[in-house]
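Order as written gives the chain letters A, B, C, D and E; numbering starts at 1 within each chain.
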Amino acid sequence: MLVQVKGLTKTFGGLTAVNSVDFEIEKGKVTAIIGPNGAGKSTFFNLISGFHQPSSGSVMFDSTDITSLKAHQIAKLGIARTFQTTHLFEQSTVLDNVLIGHRLRTSSGLFDAIFRTSRLKREEKESLEKAHEVLEFVGLTNLADKHVSEISQEEMKRTAFALALATDPTIVFLDEPAAGVNPEETDGLAELIKKMVSKGITVCLIEHKMQMIMNLADKIMVLNYGQKIAEGTPEEIKKNPAVIEAYLGGEAVAQAY
Amino acid sequence: MMSFLNKRNTVILLVVVAILVPLLTDNPYLLHIFSTAFIWTIGVYGLNLIGGFTGQLSLAHAGFFAIGAYSVGILTVKVGLNFWLALLLGIIITTIIGLLIGIIALRTKEHFFAIYTLCVGYIIYLIIYKWEALTEGVRGLIGIPPPAPIGPITFQTPKSQYYLLLFFLVLTIFIFTRIINSLIGRTYMAIRNSEELAQTIGIETMKQKLVSFVLSTFFAGLAGGLYASFVRFIGPDISYINVTFDMLMYLLVGGIGTLSGPLVGTLLVVWISQYLQFLQDYRMLIFGPILVLLIIFYPRGIVGGVQTWLIKQRAKKSQKDLSRNLQSVVVKEEK
Amino acid sequence: GNTSTEPANQSEGNTEETTSNTEEKPAGEVVNIGYSGPLSGPAAYYGENTLSGLSMAVDEINNNGGFEVDGKNYSLNLVSLDDKYLPNETGANAKRLVQEDKTPIIFVPHSGGIFATQVFNLQEKFIIGAYSSEPKITEQGNPLTLRIPPKYSSYIEPFSKYQMERFGKKIAMLPTASQYGKDWAALLEPGWKDLGGEVVYKGSIDFSKDTDFFTIVTNALKEKPDVLFVGGPSEPTALVIKQARELGFKGGFLIMDQAKLDEIEAVLGGPDLVEGSVGVLPLIHSKNDGNAKFIEDYAAAQGKNPGSEAGYHYMAMYLFVEAMKAAGSVDDPDAIMAKVEEGLNNLPADKRIYEITEIEENGGLTTELRMGVVEDGKIVDKSVQ
Amino acid sequence: MDILFQQLFNALTIGSVYSLVALGLTLVYGILHIPNFAHGALYMVGGYITLLFMESMGLHYWLAILISIIVVGLLGVVMERLVFHPLRNAPPIHDKIAAIGVLLFLEALVQLVWGAEYRRMLSPYDIVVDFLGLTVTAQRLLIIGTAILAMILLHLFLKKTITGSAIIAMSQNREGAFLVGINANKVAVITFFISGALAAFASSIASPINLVFPGMGHLVILKAFVIIIIGGMGSIPGAIIGGYILGFSESLSATFISNDYKDLIAFLLLVAILTIKPKGLFVKGARS
Amino acid sequence: MLKLTDVSVSYGGYQALEHINLSVKQGEFVVLLGANGAGKSTIFRTISGLSKPSSGSIEFNDQSISGLSADRLVSLGIVQCAEGRKLFPQMTVYENLILGGFVHRRDKGKRKKSLHEVFELFPILNDKKDDPAGSLSGGQQQMLAIGRALMASPKVILLDEPSIGLAPLIVEQVFSVIQQINKNGTTVLLAEQNANAALKIADRGYVIETGKIVLEGSSKDLFENDEVRKAYIGA
C-alpha cells in the first residue's frame, strides 16, 4: 500500500470535517473520492498533503509516517496535489509556473546564484528540460510563453497538472480536476490521467463527474459528513443504497415523481 | 535575444556614463547628490528584494540601515577598527539582527508583518535614541573616518568616494540581478505569487522568506555602513520611520518588484527633491498627492509603467502587422 | 517666485531667494549667504525662528544701501535650504550652496548638520555659522567654525544658588529629552551637588513623543523635590510647570535657557504658576540700547517677541558683515574669520543684542549672563556682573 | 500606595485616549481591511480644527469639538472616496502606501496653514479637583468620562441601530451584506466618517492636557497600531481593552521600571505578544 | 417578470457565460440544472448585480436592471439566497434576520410580520434566535439563509443550491419549504445539481453546460429527457 490512513480526524471548531477515516491507496491505481459538497473530501486531501494538521489519526506514505510533516516536506517525498479552485502563480507565464515546480529537486542556493556556479547552470537546465517535458506531456508546449491569465479554464487545469508533475511525484492528488470543464475536454483530461497512470504515477482524485469517475477509478471511497460511508469498485458503489441515498440521488425521490 | 542584447548594452552604457560623470564635472555638489543617491539605492534594493520580489512589505528597513551605520560608526570611532573591517562586521551584525527579527516577524503575514516590522523599526529607533552609552543618544556619533585607503587608493576626495559608492552600487545591482534571474529569484516570486502553492510544490517558504529578509537587511546594512563613512556623522534620525517611508517612496516611484525600479526611483526622487528645494516645507504637499496618484494609476511605478506601455505598443504593432497582412491578403484575393 | 516685499513674509523662508527690494538697490555686487536648517518636519518652528533673525538682518542691510568692502558696494542675498534636521541633507545643501551660490558663510543651527559640514568646510572653503551650544563643535578645532550662542555653563551656578536659597536643596530634573536638555542636565547635576544640593530624581521628557506628562511629573514629585529643573521649547515647558502645580508642587522652577520666561508666562495666562522660577532674562525684559530697536522691529515684523535664536542670528549676520569689511574681502573665509574679533569691536551700538565678552580661542562667542527670576508675580532682572 | 493610585488614574486617562484612537483605526480595518496609516494625521487635524474654532472664532469648547468632529469625519470620507475607493481592488501593499501619501500631505498642509510651533488648547475645565483623595484635574475626569461615554454610544450605535448592524455585517461577510441590500459605498463612507470623528474627538479632549503640533499624531498612531494588533485587528472590544492595557503598562512601567524606556516597553509588549500569537490576542476564529 | 437576453459574463479572460437567454414569469418556479462550474451561480450573481455582464441585458418587470448595484436590486425585490450562505457568523440568528429586512428598515410593522412568517416556516430559528449564526448546523444555517432572504419580502427569490451539503432528509424539508414559498406567491428561480428533487417541484427548467443553455423545457419533459437523465440523474 502506498498510502495508509488510519483514524484520520479533523475538526474545525465544533465541526468535524473528517471523522476517523481509515483508507488505503494502492500503488499504480486510480483511487477516487466522492461525496456531497462539504463532505470533507478536500479537507481529506489537505490532511494528507500536510496543509492541515490532523486532530487525530495517522498518515503513512511508503511506510514513512508523514502525519506531522510540513507541506513542503511531504512534497519532497513525492506527493503532489492540485487545488479545487485552480491555483497557479497568477502573475507568470505557463512555463515559469511549471519551471518552479522542479525547484524542490534542485539544491542551488544564494552562493550558486551570485556566482552562477556550474551547479546552478546545470539545475536551471534540468528544470527547463523538466518543464518542457511535462508541458509536452500535458500537451501545452505551444502555450509555454502565454501568461496564465490568458489561457482557458481547461488549459489552466492542464497547467496545474504539469506543475504537479514537475515535482517528480510518486502520487498525485487531484481535487476536482474536471470541474468547470466541458464534457469533451473532460474526456481529454481523463485521457491525460490515464496517461499519468501508465507512466507509473499513482492517482487519487476527487470528482463529482460520475461518468468520468466510473470509467477511471479502480476504487472509490464515498465520504458523507466527514465519514466514510462506502468503499469499493465503481460497480459496487453504483449499487450501494447508502451512496444512492446520500449522493447519487435517492431512488425513492425519483420514483415518487 | 535582441532585447537581451539591448538591455546589456544599456547597462554598459549607464555604467560608462556613471564612470565619466566625475571626469566631466568638478561640481562637488553634483557628486555629493549622486553619491547619496547611490547609497539610498543600495538600501532600496534591499527593500525591493523582500517587499517587491518576495511580497513581504518590511517597514523596518531604516532601522537596519541605521544598525549598519551605527555598527560602522561605533566600531571605527569607539573601538578604533579599520573602516573595512568595521564595514564587514557592521554588515554581519545587521544580518544577524535581521535573522533574529526575521525568524519572529515572518511568522506574521500581510498587514501584520507590515505593522510588526513598523514597530520593530520604531524599537530600533528608540534603542539608538536611548542607549546613550553606546550610541551617544540624540547627540549622535561624530568623527567617523572616511573609508580607509586600500594600498595606494585613498577615499578622501568626493571623486574617490563617488567611485567607491558607484562600485558598491554596481556590485549590488549585479548581485541582485543574479539572484532575481536565478532559481532563487523564481522561488521568491513564487512565494510572492502564492505562498500556499509554493508550499505544495515543496518550497520551504519560511526558510526562503527568511533568506530573502536577511539578504535585504544585508543590503540595508551595507548602505548604512557606507552612509556612516560618507556623511561621517550619524544621529538617531536615520533610523526613524520617515526614512523608511522615503525609501518606500523611492521604490514605488521607480517600480516595486522591478529590477531597475530602485535605481530609477531613487535617482529621480533625490533629484526632484533637490529641484523642489525652493518649496521647502511644502514639498510634501506635492509629493503626498503624487504618491497617491502614482499608486492609483501606475501601481508598478515608472519602470512598470514603461514596461506595460512597451508591451501595449508591441501588441499594437503586431496587431497592425496582422491587419496589414490581412489587408494584403484581401487585396490579393480581390485581384 | 516670491512676494516677500512685506517684512511679515520674509521670515517664512519659504523661497530660495529671500532677498527683497532688489530693484531699489544701487547696483553693486551680491554676496550670497547660506543657511541650511530644519524648515519642515517637527523642528521647523525652531528653524524658522533662527532664519527670521538672519533674514531680518539681511533685509535691513540691503535696505540701507548695502555695505562697502574694499571700496566696492555689496548687498546680501540669503539662500536658505531645508535639511529636515538630517545631517546628510545639511551636507548636500552646504555643497550646493558653495557650488551654486558661492556662499562664504553658511549658517547651520543644529549640531548634527554642523558635524556633517565640518567634514568638508575646510576643503570647500566656507565658514560655518554654527548655532549650537554643543561643546564638541568647537573642540573639533575647526578654524572655520564660529559658535554663535554662548556656553550655558555660566548659568548653572547663579541659577542653582538662587533656587537653593529660596526653596531648598532637593532638585528633580525633568528637562526636554533633546541633546541640549541632556547637556544642561549633565552640567547642572555636579553644579548643584557642589553647592551642597541633592538630586532626587533624574528624568527627561520627550515633548514630541510623550502623550501625557502627568505620569512622569507624578513620579518626579513623589521624591518631594524643592526645585524642579525644566526646559525645552516654551510651550511644553509651560505645560510641565502647570501640571507640576496641578499635582501640588509648591517649590521653584529652574528653567533651561531654551525656554523664555515671558513666553511661558503668556502660555500660562499670567505669572501665578511661574512664581519662584529662575531662567534667562527675556530680551524684552532687558531692553537696552543694544537691543531695543531690534526688539521693536522684530515684534512689528513678526507679531511676537524675539527669542534668542532670532537675536543671535541677527547679531551674527551683522558681525560677519563687519568682519568682511575689516578683512577687506567678501569671499575669503580665512580672512573673514581672522577679522571676526575686529568685526565684533566695530559692531554698531544698536546691533549689540547681547553683550559679547570675548571670542574664545576655538571660535566660540561668550556672552554676559542674564538671569531673570519671578518674584511676587513679576519678572525681575537679577543679572550678576 | 498613593502614587500607585495616582498612576492608575493617569493610566486611565491616557488609556482612554488610546482606546478612542484605536477604535477608529480598528473599525476601518475590520470593515475595509485598510490599515490606515493616515489615521494619526486625522487625529492631528482634529486638534487643529478645534483649536482654530476656539481661538479665531471664539466658539465654546464643545461647539468647536462638534465642528471638528464633523470636519474631520468629512475629511475621512473624502479620503475614502478619493484614495481608498479607487484602490479597493488593488493589492494590500498599495493601500498602505497611499495612506502614507495622505499622511505626508496632511502634515505638510497643517504646517503650511498653522505653522510648526507647539500650541496650547485651553479648555474651560482647567481646574484641579480632589477626587477620592487623588489630585486630578477636571479635564482628565472629562477625558475618562467622555471617552467611556463615546465608547458606549458607539457600542449602542453598532448594536442597536440597523445602520450599525449593517456596518458589523459588512465586516463579517461583505457579499452577504450586499445580498441583503446593504450599500457598500455607504457603509464605507459612514465607517470613515465615524473613524475620523473618533480621532477628532480623541485629540480634542486630549489636547488641553498636551499640546497641538504637526507631529502630535505620530506616536499616537503607532501606539494605536500596537493596540489593535494586541486586541486583534478589526475587533472592537479588543481595541478598547488594548488601549487600556497599553495605558496601564506605560504608566506603571514608567513608575516602576524606567521612564526613558516606557515607550520601548509598549512596543516590546507587542513584539512579545505577536511572537507567541502571530495574529493577536483576541482574534476570533477565521473571518471570511 | 425576469428576463435575460444574450447575457455574457467573463472572469478575466475566462468566459463563464455565453449568450444566455432566460426568462421567468410571475409566480413561476424555474430550475437551473447544471454540473459543477456550469455557470449557475454566475447567472445568479449577474442577476443580483454582484458580477457585471460583458454584454446583453437583464430586465425586471420590463425595466432594464443591468448595471444596478446589488443593494438597489434587493430593494426592487430581487433577492438571492447565495451559494455558501453568506451569513454573518458572529451575529445572532435574530440579527441576521433583521438585517435580511434591511431594505425595509423604516417599516417596523412589515419587519415584524416577516419575522413572524419566517419563524412560522422555521420554528427552529425562533428557538435559536439568540445564538450566533456560526454555531448552527449546516441545515439550520441553510434555513437561516433562506429565512434571511425572505425577510426582504422578495418578488423573485433566487436560490443557489440550497440543498448543498444537507442530509437527504433536510433536503426534502427544504424543498417543501421552497414549494410553500412559491405557493405563497413568490416567484422562484432555483439552481440545483440534484435534478431529481428539483424537477419534482419546479414548473420549468433550463440545463446549463459550460456557460451555455443547452436545453430548456417543462419539468416533465426534462425529467424524461435521456440526456438529462444520464447527466444529472444518473439512473
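Just so we're on the same page, contacts are C-beta pairs under 8 Å (C-beta built on N, C-alpha and C of every residue); 3 or more make two chains touch, one makes a residue touch a chain.
Since we're looking at a predicted model, the values are computed, not measured.
Within the contact network of the assembly, the step distance from chain C to chain E comes to 2. Counting hops only between chains that touch, chain B reaches chain D in a minimum of 1. With centres computed as the average of Cα coordinates, no chain lies farther from chain D than A.
Note: centroid distance chain D to chain E, computed from Cα atoms, is 42 Å.
Chain A and chain E, compared by their mean Cα positions, are separated by 32 Å. One inter-chain figure worth recording: chain C and chain D are separated by 37 Å, centre to centre, where each centre is the mean of the chain's CA atoms.
In whole angstrom, the spacing between the mean C-alpha positions of chain B and chain E is 52.
Within chain A, no positions touching two or more other chains are listed.
Looking at chain D, residues 108, 111, 116, 218, 260, 263, 285 sit in touch with two or more other chains. Within chain C, the positions touching two or more other chains are listed as 40-41, 44.
Chain E makes touch with chain A in their complex at residues 12-14, 35-38, 135, 138, 161, 164-165, 167-168, 172, 193-197, 199-200, 209-210, 223, 233-235.
Those residues of chain E lying in contact with chain D across their complex are 48-50, 69-71, 73-75, 79-82, 85-91, 95, 98-103, 105, 134, 148-149, 151-152. Partner chain D is touched in their complex by these residues of chain C: 40-45, 48, 203-204, 207-216, 218-219, 222, 233, 235-236, 238-239, 243, 246-248, 267, 269. Those residues of chain D that touch chain E in the complex are listed here as 162, 165-166, 168-169, 172-173, 175-184, 284-285, 288. Chain B meets chain C in the complex at residues 27-30, 32-33, 36, 132, 137-140, 142-143, 158, 227, 230-235, 237-238, 242, 274, 277-284.
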